[in-house]
Amino acid sequence: MLERLEALRLVDHHCHGVLDRDLGPEEFEALLTESDEAGCDLGGSLWDTQVGFAVRRWCAPVLGLPAHASPGDYLARRTELGADEVNRRFLAAAALDALCVDTGFTPQALLDPPELGKLAGARAYEIVRLERLAEGAVADGASATGFAAEVRSRLTAKARSEDVVGCKSIAAYRAGLELVGERPTEAEVASAAGRLLREAERAPSNQQAGRSAPPRVSDEVLHRFLVWCSVDAGLPVQFHVGYGDADADLRRGDPLLLTSLLQAVAPTGVPVMLLHNYPFHRNAGYLAQVFPNVFVDVGLATHNLGHRAPALIAELLELAPFGKVLYSSDAFGLAELYHLGALLFRRGLAAFLGSGVGDGAWTEEDAIRVGELMASGNAVRAYRLPAVPVAMPAGPAGA
Amino acid sequence: MLERLEALRLVDHHCHGVLDRDLGPEEFEALLTESDEAGCDLGGSLWDTQVGFAVRRWCAPVLGLPAHASPGDYLARRTELGADEVNRRFLAAAALDALCVDTGFTPQALLDPPELGKLAGARAYEIVRLERLAEGAVADGASATGFAAEVRSRLTAKARSEDVVGCKSIAAYRAGLELVGERPTEAEVASAAGRLLREAERAPSNQQAGRSAPPRVSDEVLHRFLVWCSVDAGLPVQFHVGYGDADADLRRGDPLLLTSLLQAVAPTGVPVMLLHNYPFHRNAGYLAQVFPNVFVDVGLATHNLGHRAPALIAELLELAPFGKVLYSSDAFGLAELYHLGALLFRRGLAAFLGSGVGDGAWTEEDAIRVGELMASGNAVRAYRLPAVPVAMPAGPAGA
Amino acid sequence: MLERLEALRLVDHHCHGVLDRDLGPEEFEALLTESDEAGCDLGGSLWDTQVGFAVRRWCAPVLGLPAHASPGDYLARRTELGADEVNRRFLAAAALDALCVDTGFTPQALLDPPELGKLAGARAYEIVRLERLAEGAVADGASATGFAAEVRSRLTAKARSEDVVGCKSIAAYRAGLELVGERPTEAEVASAAGRLLREAERAPSNQQAGRSAPPRVSDEVLHRFLVWCSVDAGLPVQFHVGYGDADADLRRGDPLLLTSLLQAVAPTGVPVMLLHNYPFHRNAGYLAQVFPNVFVDVGLATHNLGHRAPALIAELLELAPFGKVLYSSDAFGLAELYHLGALLFRRGLAAFLGSGVGDGAWTEEDAIRVGELMASGNAVRAYRLPAVPVAMPAGPAGA
């Protein structure tokens, strides 16, 4: 049974592109964790972290090295194989049935969904980042009063594609998750859009150039408006919650801050996905229990916690109904994170379900059934993905 | 020793009535968790939760079914036996010495304390819900200026009964737990009572009928006043803290919000009981350590966490002195929850104390002594319950 | 390998003096936990806590008693040996390489750093408590406008000593940790100092005596000013975070409240040490990952959690890079706490690293390497301590 659980194919419902070029040591280390930089003389190497040790243990063999290869050997081998081959190996090793790619954060060139899907041998969908869509509307000249209609029109166009399966809000990184429930009025949206336009004009870099800076949505009214646009379009809404980089004030990322909005959205039946959640994952589990349309995952944290991922998964599964738990890697930049996230999720889930069988909490049959739900069934249902073809035997060999 | 710990008889210091009629599948599922409804097509069945699996494992055998019976078989057998027999079996299986019943939440007819006590073969006490007592005073015509005296008079009358052993505040569900320490003045209470009267009159449903709606206490001053009334009457005060249904904003249920009030109440020596606490149970354990009159439990969460209850109990017992920990089920509606709460608490406590003995943290003798304190001794002392008669051998067979 | 990890010599980077006289039963019990008092009839003995059982188990043998000696036998033996001998035994048993003593809290006479160092056979450094230094400046007659210069001058003088290696802020106990990032202006500091002077004059005890009460710094501007003075002097800043006595409002001690200040201090490269952190240790681990100059420990909580300390250490090591974790006892008053903190940290760390080796998460070699970092290497680097001489075989026998 453990073997079967550890071989479950996954739907990765929240991930990003990976870099398509070779990486220097500092660049690689900076991408390992949520720190903006590599380690330093003061704080030591970021290889000496749970995720660093997990890469050495689990990723080195995928590149043909012994487990626990040194960071230096690992990076040398990575360069020797080249980015294409490295990406191919890790995406395949992840053993995915489908992936939903957030295309809204591209500080540099990343593989796009079709390229990722091809490497993974899986269907790749797109998640629309709401704030970016809104910022694009403004950058393209939407007026304050025309903003709302322009955003709705762009989102409707996006929603027509069968590749687009949801939206994502990064309110947690901007104005924070304390969003009230009510749909903002058209006047409130126009007024907030006006503020956004004026801020972009006033940005120091623009006063010389006489043109607008890239607008930056960070306004409670606009985040809320965008969430309602997604809900009105029937598209599931993902929220960044909790753990992320130092740009975010983690206090403003507690999922409980969403309570009022969740109460307002619940009657629509549109799914809301709380991403990451660490260290507020117990709060998220509570919300998943009491709101019928709330789903949760512990992506990003899973690979960052490495050897401790099973403890995290067990805490999430205290209150969260097993039909409301999703898998995501939140992989960004490094293809390794696709593999690590998937492997550590499978192993953590198998440990959790297996120990339950071991002491009689549930049967093997139920363990496999709910394991399949969390691996892919819940995501297929919540995003209304097409039925997945019968999978090949999973794991690196089968990919 | 484990056997002895798993057979400890308990004082359930916070519980509710159970339904005295047969239940349909949706109704049963809605009562399993803190969700207001049964599961749905989107989110899946609420039987696929820790508590759902715990019912199938531990409750099915009490009804004469094999462990892990399917939900359908379980409900069919429950109907076949009938509510009376089901209630009798589970209350007896809980193996209680005494129970303290919160009689203040009765959305539908529930068994009352004497009936519960009879089924449990244990003495049943009453916990007075403060907000309901105050709302009753207003509904019966108390004026703004007469409100304080009327509430005190009603509470004094209640306190005269030897069946009444404490009060409960649901501030967490209303204005939140951030209550300042000071006793409100008579003028402040009269003013707040006046607001309450006006709100009840203004309620939309009353404008047509020309009469008052049921008043609803949700005012920091009134919650605080009621707590002080209980303290002045020498009655221990229970607080709903943390985990509950979606009506509550969980952020306002962090026990640390009570710090100021706890500082003010501490000199009186009147016990304060923090109920449930999840996911803030470590915060509650801290308060139990630093305030000599604060007691804690993890009721409600214990059965909702099912197989994970031992982890919860171990976290509570990090800072909470073992003389300050109580048992409660917070069972409501389903008699199963009396049995599950008791069984999971005993097993979790036995696992915690047994593993300590196993690695030399304490002796068997001490483990049994502090186990007895947490099972019943602390509650007997804090509520000044009469000495409990020598118990029969515990467990289902002895009940 | 476990033996080697359990024998690591430590740098205790945050501790206090111990009492140099025999202690009565109540006094001893009051010093065991963060409660201000011994246990009481209502709440039971504070020996029935994790730390109480840890003393009986681990400290009794150091005094020549069997493990699990009763509290009465333990205290009798302690008195029989006398405070000097008791202090000598426990400080030696801690097996320290160095200790950094916060000398700013001395409600009664305590051993000073040189005396502690002598007993421990280790170099003792001093940590300057910022608020006390500022209060001293005011008590000695600094004017509102002269306050800033006087504080800087005193701190500069302190920093000249090679025994002084850092400062400590107790903002968490006073105005709370929500400190904004910006350096306050001279005018803001003078204004805040003026308020402090007026408060001291107005204090009731002074109106009769016609003189100033001891000033008490509790002002966001002043805490922040003091932190920047330490940063400007290049001295690492320790913050009390989380767990402490009931004087502190624990809500104001969440390390996430420091986010803005940490963002502002990060570019200076001056280390910031987050002390204790429980129950916010996961939040602290996050900050240690995303800020290159932030270090964390779980002192105070380690001995208070006793048998549960390994769970705490494992949670800290989820996100905190292993190069950013420090050891501290936060021992105060009782010499036992030096021994307990050290022993439980070593054992918890060994359990964590050993279980990782056991299931292949890292190699023995890496486990020992990062174990040495957390035991002493990180502290030596962050505080720029002189290289430690090759240590004698550690543990009680080697001290």
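A few comments on the model shown:
Here the chain labels run A, B and C in written order, and each chain numbers its own residues starting at 1.
To be clear about the criterion, a contact is a pair of C-beta atoms (placed from the backbone, for glycine too) under 8 Å apart; a residue touches a chain by one contact, two chains touch by 3 or more.
Remember, predicted model here, so these are calculated numbers, not experimental data.
Taking shared numbers over all numbers used, the chain B to chain C interface scores under half, which places it in the different class.
Superposition angle, chain A onto chain B, using Cα atoms only: 120 degrees, a multiple of 5 between 0 and 180. Chain C has its Cα centroid 38 Å from the Cα centroid of chain B.
Those residues of chain C in touch with two or more other chains do not exist in this structure.
By the touch rule above, chain C contacts chain B in their complex via residues 33-37, 39-40, 42-46, 48-50, 53-54, 56-57, 67-68, 243, 245-246, 249-251, 278-279, 304-308, 311-312.
The touching residues of chain A, when paired with chain B in their complex, are 254, 256-257, 259-260, 263, 269, 271, 282-283, 286, 289-293, 295, 314-315, 317-319, 321-324, 356, 359-363, 366, 370, 373, 378, 381-382.
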